[in-house]
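Letters A, B, C, D, E and F mark the chains in the order given here, with residues in each chain numbered from 1 onward.
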Amino acid sequence: MEDEEVIKKFLYLNRKAPYGSIYALESLEVVLIGAAFDQNVSLAFIDDGVYQLKKDQSTDGIGMKNFSSTYRALGDYDVNKIYVDKDSMDERGLTIDDLMNLTYEDEDDDYAEKPSISILTSEKISALMEEQDVILSF
Amino acid sequence: MEDEEVIKKFLYLNRKAPYGSIYALESLEVVLIGAAFDQNVSLAFIDDGVYQLKKDQSTDGIGMKNFSSTYRALGDYDVNKIYVDKDSMDERGLTIDDLMNLTYEDEDDDYAEKPSISILTSEKISALMEEQDVILSF
Amino acid sequence: MLHTINKSPFQTNALESCLRFARSGHSVLLFEDGIYAALKNTRFESLVKSSLTDVKIYVLVADLEARGMRTDNIIDGIKTAEYGDFVDLVANNKSVQAWL
Amino acid sequence: MLHTINKSPFQTNALESCLRFARSGHSVLLFEDGIYAALKNTRFESLVKSSLTDVKIYVLVADLEARGMRTDNIIDGIKTAEYGDFVDLVANNKSVQAWL
Amino acid sequence: MKFGIQVNEGPYQHQSSDSAYQFTKAALEKGHEIFRVFFYHDGVNNASSLTIPPQDDRHIVDRWTALAKEHNLDLVVCIAAAQRRGMLDEKEAKRQGKNASNLAEGFRISGLGQLIEAGIQSERLVVFGD
Amino acid sequence: MKFGIQVNEGPYQHQSSDSAYQFTKAALEKGHEIFRVFFYHDGVNNASSLTIPPQDDRHIVDRWTALAKEHNLDLVVCIAAAQRRGMLDEKEAKRQGKNASNLAEGFRISGLGQLIEAGIQSERLVVFGD
């Protein structure tokens, strides 16, 4: 008997700022490995997690590895459902222009370049969480 | 040339709840070792640190060591200046009756048993902090 | 869906963030330092009480007792749970979000 | 006296607790994730601004830049600091309290 | 039911590791299956064979080893997280030219794919961390 | 001026260890003396000789070792905290019947009294932690 192939909804839920702790970096490492598994993957950034996507990160002064460019590579791994909580942005005075411009090539639309990030209300993020099979919390 | 004996004011400032992390326990371990050094020692409990002094702790259910009785031994180590922030108590709905009864024997007063804990206003805790030479933060 | 909170509401934003995203019918388990949110007479009592109309809240008794609290210190409407009940909560909900 | 804060004001109570205990004339250094408290247009801007009448506030530029922020994003009146300035702040104050 | 468990914090510093253990034990007692316990972030430090807690305290590492032996648990330590934090098995120590290894009995080191697999194969994934 | 430094968190997981290093280096560059760096709580994990970070990342342990060598620093790891977390020098490993030790060069293991002494002897004590 052969196993049916399981396709589950995986949500990576990121709530921590980058660099202060390793959660942002090691979350990204799971996402990259996970991309090979052909699951239905979404990323959500809420609370301080939204700071992970801030553009212009420059870590020379703190002597740590700048891993922010890795977010830009996510599109190439077919990770293109990236949801950001609007309330978290608002209370931090951030708008979409403050974030990195993450895109992917839509193979169903002649490889047109499309934005990966959607800013959603908390209500929509809640609905997204509720429909997941697996939530990996960072 | 002989060194003059240095006597410094040491404040152990405790801000974390017990058991959720090891800070409370490992702070206490420093206090006990430090008691041998004949310095001028005070302990302050603010924010969730006040929960460290809650009476009736019983850790059987979580399988961790109950170290709360060690606070009772502090008086025997001449650690008897224990200050608790009133605002932190108030917002947690705690009164002095919720705390362990920590005492010491006053050798200058015929070894009378006296309370070690004083509940202070935040203003007085601030003043206490300001007069310290060394603050160990947990 | 089950939400777990292991941080004191006085120390981190885990409780507030959880209650912002939890939907009607969800369950919330308070454990480790999260149990302080279950107690009467704290600054968070009214927030927690008002959320009880939408979500079911459970508190882990072992963590409550470790911290010197008793079940009669908890807000009316919050249910007590043993580790076994924690397991049942996980089994009976489709997914678990840990508010770390 | 110098206070150091390395936590985001959105995540923990370190900033609020520090500002509750800091006295007039004290200095506060924001570093690591603490730098978010130095930024304009956040929910904490008014709290931080009002505290500037009593305390001097510094922000570590290396941590600011690591997180994609620039010195023109910080609240007027907050001073910038390099690691060497952090050292000077420690040397020039009698004691240091780290709000962990 | 089949559970996956993720442990994100080291022993003693945070209660997460204790809670994960108590949960896992309770799940087994209720007849559930534990597909895998995956140790990530500082959680990898739960696997140190060199841990020597005070005599009056619990031995977190030995406790995991014993539970694994009793119930044939799959305790997996993330290799990337482990190398950053100085946790090596004998084979990896040899390969890296280190003269010591410190992986306790009952644990094995493997890749992050094992966490994803735990998410896919388990009916529930429960995360314990800070 | 004479500084004492306390490091409460392990490498990589929290920035504390990086900040402590940057601060120590800056203090030395300004001509100050570092009386001692004391590693407490998970901070003891900064002393692991088995750490192997990714090649494109900083090596936190080696960086401390190098700084200690250059400036003759006293890097002290708390023995009580270390034993709970599986950090042993050769002597202690032998005494405890462990077949491996993992204390990196430039660090020594000693008691909590060394932290108190750092508080007494240093003109400033600076704590880095979580």
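Quick note on the criterion: contacts are C-beta pairs under 8 Å (C-beta built on N, C-alpha and C of every residue); 3 or more make two chains touch, one makes a residue touch a chain.
This is a predicted model, so every value here is computed, not measured.
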Practice problem: Enter the minimum step count from chain D to chain F; a value of 1 means the two chains touch. | Solution: 1
Quiz item: Among all the other chains, which ones are in touch with both chain B and chain E?
Solution: C, F
Self-check item: Homomeric contact chain E-chain F: same or different residue positions, threshold half
Solution: same
Exercise. Specify the chain most distant from chain C by Cα centroid.
Key: F
Practice problem: Name the chain pair with more contacting C-beta pairs, choosing from A-C and A-D. | Solution: A-D
Quiz prompt | Approximate Å spacing (C-alpha centroids) for the pair chain A, chain F | solution = 35
Quiz prompt | Computed distance of Cα centres, chain E from chain A, in Å | solution = 26
Quiz prompt | Inter-centroid spacing, chain B versus chain A (mean Cα positions, whole Å) | solution = 44
Exercise. Using mean C-alpha positions as chain centres, tell me how far chain E is from chain F in Å, no decimals.
Key: 25
Quiz item: Out of chain B, which residues touch more than one other chain, so two or more?
Solution: 19-22, 47, 62, 64, 134-135, 137
Quiz item: chain E: which residues touch two or more other chains?
Solution: 12-13, 15, 19, 22, 41, 54, 57, 80, 125, 127, 129-130
Quiz item: Can you list the chain D residues in contact with two or more other chains?
Solution: 6, 10-11, 13, 32-33, 62, 95-96, 98, 100
Exercise. Have a look at which chains touch which and call the overall pattern line, ring, star, complete or other.
Key: other
Quiz prompt | All chain pairs that touch each other | solution = A-C, A-D, A-E, A-F, B-C, B-D, B-E, B-F, C-D, C-E, D-F, E-F
Practice problem: Spell out the part of chain E that touches chain C in their complex, as residue ranges. | Solution: 1, 3, 8, 15-16, 19, 22-23, 25-27, 29-30, 32, 124-130
Self-check item: Residues of chain A defined as touching chain C within the complex
Solution: 13, 15, 46-47, 87, 122, 125-127, 129-130, 132-135, 137-138
Quiz item: For the complex, which residues does chain E have touching chain A?
Solution: 6, 40-41, 80-81, 111-113, 115-117, 119-121, 125, 127, 129
Quiz item: Residues of chain F touching chain E in their complex?
Solution: 10-13, 41-42, 45, 48-54, 57, 61, 80, 83-88, 93, 96, 98, 100-102
Practice problem: Enumerate the contact residues on chain C facing chain A in the complex. | Solution: 1, 13, 17, 20-23, 94-100
